[in-house]
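I've put the structures underneath this note.
Note that subunit A is present in both complexes that follow, paired respectively with subunit B and with subunit C.
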Partner chain A sequence: MHRLYLIPTLLINVVIIFIPAALTIALAFCRWDGIGTPVFIGLANFRQLFADRVFWMALGNNIIWTAIFLTVPIAMGLLAATMMLIARRGSAFFQVIYFLPMVIATAITARVWQGMIYSPLTGIAGLVTRAGFPVPNPLTQPSTALYGIAVVDLWHWWGFLCVIFFAALRQVPQEQIEAARIEGASFWQMLRYVLLPGIRPTITLMMIMTIIWSFLVFDFVYILTQGGPAFSSEVLSTLAYRSAFYDLAVGKAAAVAVVISLFGLATTAFYIRLQAKEFDQ
Partner chain B sequence: MRLIESRTTFVLTYTALAILLLITLFPIALLVLNSLKPATQIVQSPLAWPETYRWDNFVRAWNDARFGTTMLNSAMLAAMTIVLVCSTGSLTAYVLARRKIKSWKIVTFYLLATTTAPIQLFLFPLYFGFAKLGLINNVFAVSLIYTAIYSPFAVMLLRTYFLAVPKELEEAALIDGATHWQVFSKVMLPIVSPGILTVALIIGLYSWNEFLIATTFLQRTDRLTAVVSFFLLSGQYTSDWGEIMAAALIIVLPVIVLFVALQRRFIEGMAGGSVKG
Partner chain C sequence: MDRRTFLAGSLGASLVPFMNRMAFAAGKPVTWWYESAAPAQQEAIANVLVAGFNAAHPDYSLAIDYRGSELDKQMRVALLSGNGPDVVYTAGPSYVAPMARAGQLLALDDYAEKLGWNKRVLPVFLEMGKYDGKLYAVPKTYETLGLFYNKAVLNKNGWKAPTTLAEMEALADEALKAKLVPFASGNAGWRGNNEHYVTIVFNSIAGPENVYKALTGEIPWTAEPFVAAINKLNDWWQKGYFGPDYFSLETEQFFAQMAAGRSPMLPSGTWHFQYIQSYFKENADQCGFVGFPSAEGLGGPVYALGVGSTLSIAAASQNPDGAAAAIDYVFSPEFYGAMNSVWQGEWNTPLVDLSMVKISNDVPALYAETMKTLAESVAKNQYGYTSWTFLPPATDTQLINGIEEVWLGRATVADYLAQLDATFQQEKADGKVPAVPAR
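So, the complex of A and B:
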């Protein structure tokens, strides 16, 4: 009887996600332009991909992206959350403001940074250049494009982590903190030996989610540079999207999607093993 | 908890927090400031105060981004998604929270697994399949995609609300002769309604802001969402940034007002849902 309650959710989920996902995996072994009949070609898509310089650049960029987002926003979030714990007064206010970028549409955040900050004509970069300190637009330089995008995503993202860490820090038992203070622990000792270990499960989970999300990053790259200039900011998700809808190489796009999913799968498996280990202890 | 620190620590802390505050607010301030300026003044300096307030930026933005149509599309899309997610999600959350079926573990795991699947893993067959069925440019079809993507999050969040309801309440209703459906709809749903409101707000926000699916599946000019319409307006080459920022403000303002008014629901829902999930 109660089984019926699940039908709507599962039906929508299976039709929209599960079946197309299974088809994508099958398509990864086919040549298909999206219209005709798919032709089975075995591993040719993957072989082509592994011989493609752009694929390796995109993968490399995803790894750089993961490294940036595993460190900078997590450090910023942890530090700000700890400081909010000290400040107490006003922490609710700081929390709301830091969270604000999360509710603004990515398309809008991207355009504000593009036009009002990075643009050499209408942005802060142009203003600084005209004042005699030339600042190139980071989005138009192959060496900096990816980092220019990452800064925008950092601005949008770090406050979310801060709020999560702040919520976790408030759950750390009062007795542990009192005990540390009686022992005469300094701020950094408190952070290192009481607060950080106290919220370790939250930090681990956020790091795992960061890895998964870093391989999914799409919006900011697609809107700000479309992967350019010269593929310098290409990531796997934009490569897949362009292959499917611009080049109509759906088989290749599917192969890229499978690669992205494998990274997600590996990360999830690692997390489950980690959880199981902690459970055993 | 409370940390009592020295005066210098306090001063340093507030200074650092204030700097982060400024970094967060700076781009938003640029957005608001420049939405009121003529394009020629923005070229001189994006930081300067408006010489003349160009309220007509908003009128031109409204017309050029066709917000009369596109905002309505976005609102309809959000409304349909909210109704679908809340109705289907609360049913599932109830069954999973109360472990009404033997396979509750498998279903929970399956739903969690779909949240980590990249959109690209199902996007391409879905697009070409929808194209064959004539479902491109169909707002309802897109709300179904959103429902599939956002449901696991909604189910996990609603589950915690159902878990907080005492079991005795359900048992008492059953003893009084209520059917299972009455227990769910007359007893449980009213109690978890705050949770449903939170989910509705967050799902509404996500659908209002979503870009990748909307830009792929809704391409005809009269079917665009507000965000995609803004994206196209701001992508044109000869662009008036005063007008673009005005268009941005029109989309963002209702969101920010709602967020500030109901901040606790948004923050607890968005942060809580992803941690407990």
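So, the complex of A and C:
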């Protein structure tokens, strides 16, 4: 009888996740313009994708993006959270300040950075340039576009990690921290031997989620550059979007979506194995 | 609250979504989904289109629903599920063929005959809306590309509006020396702006005959005239004609740049007429427009023909007669005059006879003259082809995105055209190339 309680959630999962996922996988093997009847073409979409240099550029950009987000915001978040833990004064205030960018809608954050910071006409970059110190708009150079977008996402993201890490750090037993202090541990020693091992499960989870989210990144890229200039900031999700809604090649877009999911699946499998190992210990 | 009150209340609340169709509609409802429109534009639609149509057709009640810039995606999903509005608004002829093929649109031949569209609408546009010999769409507006210029800047520097390609390049070089950006341009708001420049060089340098041959598969897009055209466009980019901020500027920003005198010229489409009054203000007569100068041997300027949006009737429409009446109203000289008096460039319906049209004196005479010149060139079959109207979707995307690779040195002109041609040939084989009227 108690199993009946599972029905509502199962139903939601089937309708919202399982059916669309199954249809997407099926469409990856079809040619479909999003309007007519899909035609089965086997692996042709994947063959076409693997021969497309833009796909490899997009995949490369997703890997760079993942590397950036696995290091920079996690390091920044950990450092700020530890400092808030040690110097408790004003920690509530800083938590609010750091977290604030997270509650602003993505579209607004992106437009603010695009128009008020990076723009050579209306932004701070333009102001500095007019003052005699030329600052190019990073979004307009192929070599910097992806990093220009990453800066905006970092600004919005790292505060969230900081608050999560701070909450986790507060669960580290106070006695261990006191003991380390009495033993004369420096800040870095405290971090290395007490705090980081204490919140390792949280860090691992955040890293796993970062990998999954990095392969799903879409909003900031689409609003700021739409993958340009010259595909320099194209990522897999913008490629899928362009294929589906501009090229009317929904089958190819589904194939890209399957590739994105494979990365998420591999990461999730790794996490589950890791968790299982920890349980065994 | 007792059970009966609760049930009555719930039933009443559940009917709210249908009330606009039932209680407030004086006549049989006609629904029309529209893309994004600024408040002033929505006011023009409410006053001129909705109020005008409802007064002229008391049996129907037209309702416009603004769906934003993602209209075409919403439309596709709605039509696929057998829903959607009565009047189907698409982003151009390339979207019509797949919808017609899937049986989502109603053939309009009977309405065209009965309501006289065959006589009132320029024949070339009726050809473009055909699929498998039947008419499925009529253009809501048509447009062309040309060269806007700031007369004050030209006068101040002793320059003349260019009539040949050589004159235009000489003017641009002079502008560079005067520390001006020759072409006010940008693509930050809409990457599709790239295709305006590719379309210009394809028509004004390679020539419309060659574009026609490529569209009909007679020559490939890698043919020499297209190589010369893209080489020229790339030369202009490398010389700095498009300025250092191309990827940062949005459409209204670069129009303002020309109005403020920081650029002498703005190569773009006739839809920019709507900005003249906002940015030139009382100096509206200081904005000039000429056809984009052509290469030697092509004669005068080539007016590339563009259809940015089309109107159809959904096959699943509950009120096809009402939808046809609404489309018919858009093709009336009264509507043309009233709408173009308040909003220029977006409602330029392809009427054969513009002599009955009365446009407000507040509208720059240049607009009416340009549209008349365009209508005449089309009537004489002397027109070019815009990429967004005549190319299939993936080829058009490649044309837009690939040109950035050429400009930024990440692809050669030959690579760009080879990829364009490969995409086009694939889509041509798949039957995705829109109808191209014979020359």
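By our rule, the second predicted complex is superposed on the first by the 268 of 281 C-alpha atoms of A that agree within 3 Å, B and C clash if a C-alpha of one lies under 4 Å from a C-alpha of the other, contacts with A are read in each partner's own complex, and residues count from 1 in each chain.
The rule is short, and it goes like this: a residue touches a chain if its C-beta (ideal position, glycine included) is under 8 Å from a C-beta of that chain, and two chains touch if they have at least 3 such contacts.
This is a predicted model, so every value here is computed, not measured.
When both complexes are overlaid on subunit A, subunit B and subunit C end up clashing with each other.
Applying the stated contact rule after C-alpha superposition, one finds that A:164 touches subunit B and leaves subunit C untouched. In the superposed model, A:81 lies in contact with neither subunit B nor subunit C. In the superposed model, A:230 lies in contact with subunit C only, and not with subunit B. Legend: residue contacts after superposition of the two complexes on their common chain; A:24 is shown touching subunit B, with no touch to subunit C.
Within the superposed three-chain model, A:221 lies out of touch with both subunit B and subunit C [touch as defined at top].
In the superposed model, A:172 lies in contact with subunit B only, and not with subunit C. In the superposition on chain A, A:121 contacts both subunit B and subunit C.
Of the two partner chains placed by superposition, subunit B and subunit C are both touched by A:34.
Measured by the number of subunit A residues touched, the leading partner among subunit B and subunit C is B. In the superposition on chain A, A:247 contacts subunit C only, with no contact to subunit B. On subunit A, the patch touched by subunit B and the patch touched by subunit C overlap at residues 34-35, 121-122, 245. Remark: subunit B residues 1-5, 9-10, 13-14, 16-17, 20-21, 23-25, 27-28, 30-31, 34, 42-43, 45-47, 84, 87-89, 91-92, 94-95, 100-101, 107, 110-111, 113-114, 116-129, 131, 144-145, 147-149, 151-152, 155, 180, 184, 205, 208-209, 211-212, 216, 227-228, 230-231, 234, 239, 241, 244-245, 248, 251-252, 255-256, 259-260, 263, 266-267, 270-272, 274-275 touch subunit A in the complex. Of all the residues in subunit C, the ones that touch subunit A in their complex are 72-73, 76, 79-80, 98-99, 101-102, 104, 187-188, 191, 244-249, 253, 393-394, 396-397, 401, 404-405, 407-408, 410-411, 432. Interface of subunit A with subunit B (complex): residues 1-3, 5-6, 8-10, 12-13, 15-21, 23-24, 27, 34-35, 76, 79-80, 83-88, 90, 94-109, 111-113, 115-117, 121-124, 126-127, 155, 159-160, 163-164, 167-170, 172, 174, 177, 181, 187, 190, 202, 205, 209, 212, 215-216, 218-219, 222-223, 237, 240-241, 244-245, 250, 253-254, 256-258, 260-261, 264, 267-268.
Contacts from subunit A toward subunit C in the complex involve residues 33-37, 114, 118-122, 137, 139-140, 142, 226-232, 242, 245-249.
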